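As written, the chain order gives the labels A, B, C and D, with residue 1 at the start of each chain.
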Amino acid sequence: MRPVQMSSPVLTVRQVDAYHAITVVAPGIAERFRSGQFIAVAVGGEHSSMLTRRMFAIHEVKPDYGGTVEFLFTVRGRGTAWLAERRSRDLLDVIGPLGRPFPLPRDPVNCVLVGGGSGSAPLFPLAHALRRRGCRVDFVLGGATASRVFSAITARRIAETATVTTDDGSLGTKGRVTDVLPRVIDEACSDVVYACGPMPMLREATAVAMRYGIPIQVSVEETMACGTGICMSCVIPVVGEDGITRMARACVDGPVFRGERVRYDDVGTVPFDALGAPGWKARGGGEDRTREAG
Amino acid sequence: MIPDLRVRLGEWELDNPVMTAAGCAGSGRELARFFDISRIGAVVTKSVTVEPRAGMPAPRIAETPSGVLSAVGLQGPGIDVFLQRDLPWLLSRGARAVVSVAGSSVDEYVLLARRLSEAPGVTMIEVNLSSPDLARGGRHFAEDTAAAARVVAAVRETARADIPVFAKLPPDVADLVELAGECVAAGADGLAMINTVRGMAIDVDTRRPAVAGGMGGLSGPAIRPIAVACVYRVHAAFPEVPLIGMGGVRTGADAMEFLMAGASAVAVGSALFHDPSACLRVLRELEQELLDRGVERVDSLIGAAHRTAGAPGTAVG
Amino acid sequence: MIPDLRVRLGEWELDNPVMTAAGCAGSGRELARFFDISRIGAVVTKSVTVEPRAGMPAPRIAETPSGVLSAVGLQGPGIDVFLQRDLPWLLSRGARAVVSVAGSSVDEYVLLARRLSEAPGVTMIEVNLSSPDLARGGRHFAEDTAAAARVVAAVRETARADIPVFAKLPPDVADLVELAGECVAAGADGLAMINTVRGMAIDVDTRRPAVAGGMGGLSGPAIRPIAVACVYRVHAAFPEVPLIGMGGVRTGADAMEFLMAGASAVAVGSALFHDPSACLRVLRELEQELLDRGVERVDSLIGAAHRTAGAPGTAVG
Amino acid sequence: MRPVQMSSPVLTVRQVDAYHAITVVAPGIAERFRSGQFIAVAVGGEHSSMLTRRMFAIHEVKPDYGGTVEFLFTVRGRGTAWLAERRSRDLLDVIGPLGRPFPLPRDPVNCVLVGGGSGSAPLFPLAHALRRRGCRVDFVLGGATASRVFSAITARRIAETATVTTDDGSLGTKGRVTDVLPRVIDEACSDVVYACGPMPMLREATAVAMRYGIPIQVSVEETMACGTGICMSCVIPVVGEDGITRMARACVDGPVFRGERVRYDDVGTVPFDALGAPGWKARGGGEDRTREAG
């Protein structure tokens, strides 16, 4: 479904631990939303010097006021600092829902959802969707420290189990989410992994899933400027079904990819064997070029 | 009274003067989710190359004050896929397709012009001269007036006679007016300007350039005064040459600025990153500006600032 | 640990690397109402001319996105009044006075250099090369590398040996690196860059250029990426030549960007229009950035981006 | 006294006819203020793309909260549109008081205060100051239409008389302030004129005052960018005491000038005989150049 652009009134602003939560009234976005999708928010007001949009995973949609959308964020730079100062009734210029959603299993299988830091946000609507299909849901949530772990309580409420890790041991197990992931997979007999968070975490989670031979869907958080697929800034090397690596746009070809297709070690480069890389022609000139990204 | 928005670019007429800027509108499909792309004057494609190109590594874009610094490196599928997939799609949507081309040699530009001339439905060819010339160590064609003129002449000779050929110029060349003149002398039917301005940002945390390419191209409202100055100067020198003005157009009033400086049409580039329906909004705002001012024909504004101003001096600072 | 803010510009040491930009700090008195001007590295005067100048008619300034477009035309009292009134005042306040000079002929620059060498207390002479050369129909000296080099050589020969002479360069010249090289070859002890970028804005109501001069000079954060690129390129070509970087510095982080690009000091210009104590604020913010990052000496940042980066390419678009 | 720069909380925002009135808490400015001075306000917030400040005459200062400052404005462009959206408790970055104040007569003379549109604003604190010195005050206020006439009721309260003109006759006499000024001067036996408003009005008011042989102080509203004297954008040709015309900065050499010294017809030009005008040297080379502006 087509995304929409709207000027959305802020309904509520909350601060939860180190996170801010903003709910906007955005019926068009709420009704189109599928879990894993995100919104692109303009920051700084009408005469802003900031031209690029900020992307946030949709954390929750509700039917109130025709449809509301909630997103959670931490202050990182100028744009999120501005967002943190918004008050209810302010208007936000929002585009959404954007991006490829998490594919949902047809059968009621066991799913483990792995989130690091703000990367946990899109996993909550996913958990609800999976539950509605009768899937078992287990959460593994991590963060640098207790205050950075996202909605652990909510996770306990909706999931069978919720395992928490922190780098400093201030909450749950000391360590990384991928340290405990094998144990959770074992115990929950997981059939599928969904993961969202920083690239190194996704790489590790993918390695774990592959060891278990189970499919993994990852949602990447690559730097984005437009969110709509036109600026070509958010590319990562992704292997297509045809085995050819392409520079895929995380915003429209993703943010959700099949974990084993992302070339984690080559993120931030153009691999020499990518379609159209310098000298590529000599090697791959004969192949089918009609598909651009996996 | 509904203002008449039609403009002429040489022998070619556009329903209205608002187009997309090359490389800022994806394949057209991405924007078509937000507005009807047949409603604007034309869709300009990203620069098409002979072979597919993977482009530059990420990070490719950094935000700067009222601007965007980018180094995408012409990522694209190459001419074959473009002709098979992207061009037919644009035409199926009723869009006027201006195809931007970029090559690393005169031969590549010629090949692109030939392929486009064989395809039906190409409204115009825009020759992106900010492309590295492999024969000259990767300096851009535009940096060498003679090389730029050779490209333009070759494309004009190759392209079907009924397809206008416009040369796209960057601002930071030794002598823009001279470059413009040489491109026209070489057969360009008009000029598009400006391409991005060379710039750099440094990430003070990593101490590295903020875009992987090191140098990038600056675009957006930040560069609008630079772009308006370029259009004004070139229009003053060659008032008969149709110009497509761009660089920081975000509103209808911005579009008027370019028209008054001498452009016959305007292109919207990085503003689309902020507002994917910017083209249509700019068009509506332009229409409203005309209504508010009682201007009946948009083309009456073209070059208007030259008619009111005394010859502007060059005093600075 | 208090970071060491001292920097060297060739043989000359500054207490800290933050200065005012020429023409953006009045006579010094206006800013002294807001902060102690002896606290910053140096105060750069507006460009002093031989005779008094009335400058351009109003309007002289237009606001553009994250920028300012100006055509002031070097309004000032002339060298006599400057030496009688403004320079002694600056010195009485304990400020380091960098005197910017502008002439319409080599002779005028020589006269200015001589007068400044006779006066006590001149810390440095900055040669503004963006001044119209009357002998060449008003083209700026900087637009002709040879003319620029002649001015620099003449000033260097005339000025007292212990007064460093820096050449101030605009970005929009045929070949900035060449111009920089020729200025150094002609004796410049260092370079200041960038002067404003040529630009224009049009008032869509009056249909006239928004500044009376028609063309103006663009400054402010909008041009920062252009300025950083210039500093980076010139530092890469001449790593031994001390550079004063400017163009859109508004915060301590902006100042760091210029230092990392290769500048040994930075100047704050149009940001002062917005915040008259910007120089002191930038200095404090810079100090804080160093503290936050555990950087002990500010001069360790100079050129840092050259040491982390691979050789940046020039891919655009 | 030195101006100060401060981040001032907005106390109240009012809308009066076509005008907006903002009161900020700014003790340092309030205590230094003398009538005729103005403030320079930053617009658009921290990440604004608007770099130049907006100038507003100080309309009233009060001792509340250590000192408050009120200014009145109409929406003209981007900056004033942004200001019109401010709410109480927002912070405004304000510099003031700036500019040369109205000189006050030593003796209790009769003063007529002439204001056009928003130019009336600085005349109200002036009226109070004059009254405190025992002066008689008469107001002449004008505007395009009734809603554009500024505080006519307040004027009636503080002044002996208040005459109103509107271009369309919707309030008071139909016509311009300078049409009624001679009658007011006659009736009030005015000794001094103070005027603030657009340049053509100031020119006419000066002509009237000169016909009566009485002094006039005018406050000009020239386009400004910094307000502090450093950008050199706000120049108008003004004749100095030595008879030499100089390009004077309205923000620091003014905004208040002696009416007969402003070369109204040459505003927007550099008169050929101005100090430092092209070719000036030939004519004026021998004269004293130590004073820059009248």
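Some notes on this structure:
Assume a contact is a pair of C-beta atoms (placed from the backbone, for glycine too) under 8 Å apart; a residue touches a chain by one contact, two chains touch by 3 or more.
For each chain, UniProt lists the protein as follows: B, C = Dihydroorotate dehydrogenase.
All values derive from a computational prediction rather than experimental measurement.
With contact taken as defined at the outset, subunit A and subunit C are each touched by B, D. With each centre defined as the average position of its C-alpha atoms, the distance from subunit B to subunit D rounds to 46 Å.
Note on chain placement: the centre of subunit B and the centre of subunit C lie 33 Å apart, centres being C-alpha means.
As a whole-number value, the distance joining the C-alpha centres of subunit A and subunit B reads 34 Å.
Residues of subunit D in contact with at least two other chains: 49-50.
Across the assembly, subunit C contributes residues 23, 56, 65-67, 70, 72, 220-221 that each touch 2 or more other chains. If touching chains are joined by edges, the resulting network of the protein chains shown connects every chain directly with every other.
For subunit D in complex with subunit A, the touching residues are 43-50, 78, 82. Interface residues of subunit D, counted against subunit C in their complex, comprise 2-3, 5, 42, 49-53, 93, 95, 222-223, 225-226, 228-236, 246-247, 252, 267-270, 274-278, 280-281, 289-290, 292. Contact residues of subunit C toward subunit B in the complex are 22-23, 47, 56, 64-67, 69-74, 128, 130, 132, 138, 140, 170-172, 174-175, 195-202, 204, 206-209, 213-218, 220-226, 228-229, 232, 248, 253, 256-257, 260-261, 289, 301, 304-305, 307-317.
Residue ranges on subunit C touching subunit D, taken from their complex, read 23-26, 30-31, 33-34, 51-61, 63, 65-68, 70, 72, 75-78, 80-81, 84-85, 212, 220-221, 270-277.
The touching residues of subunit B, counted against subunit D in their complex, run 65-66, 221.
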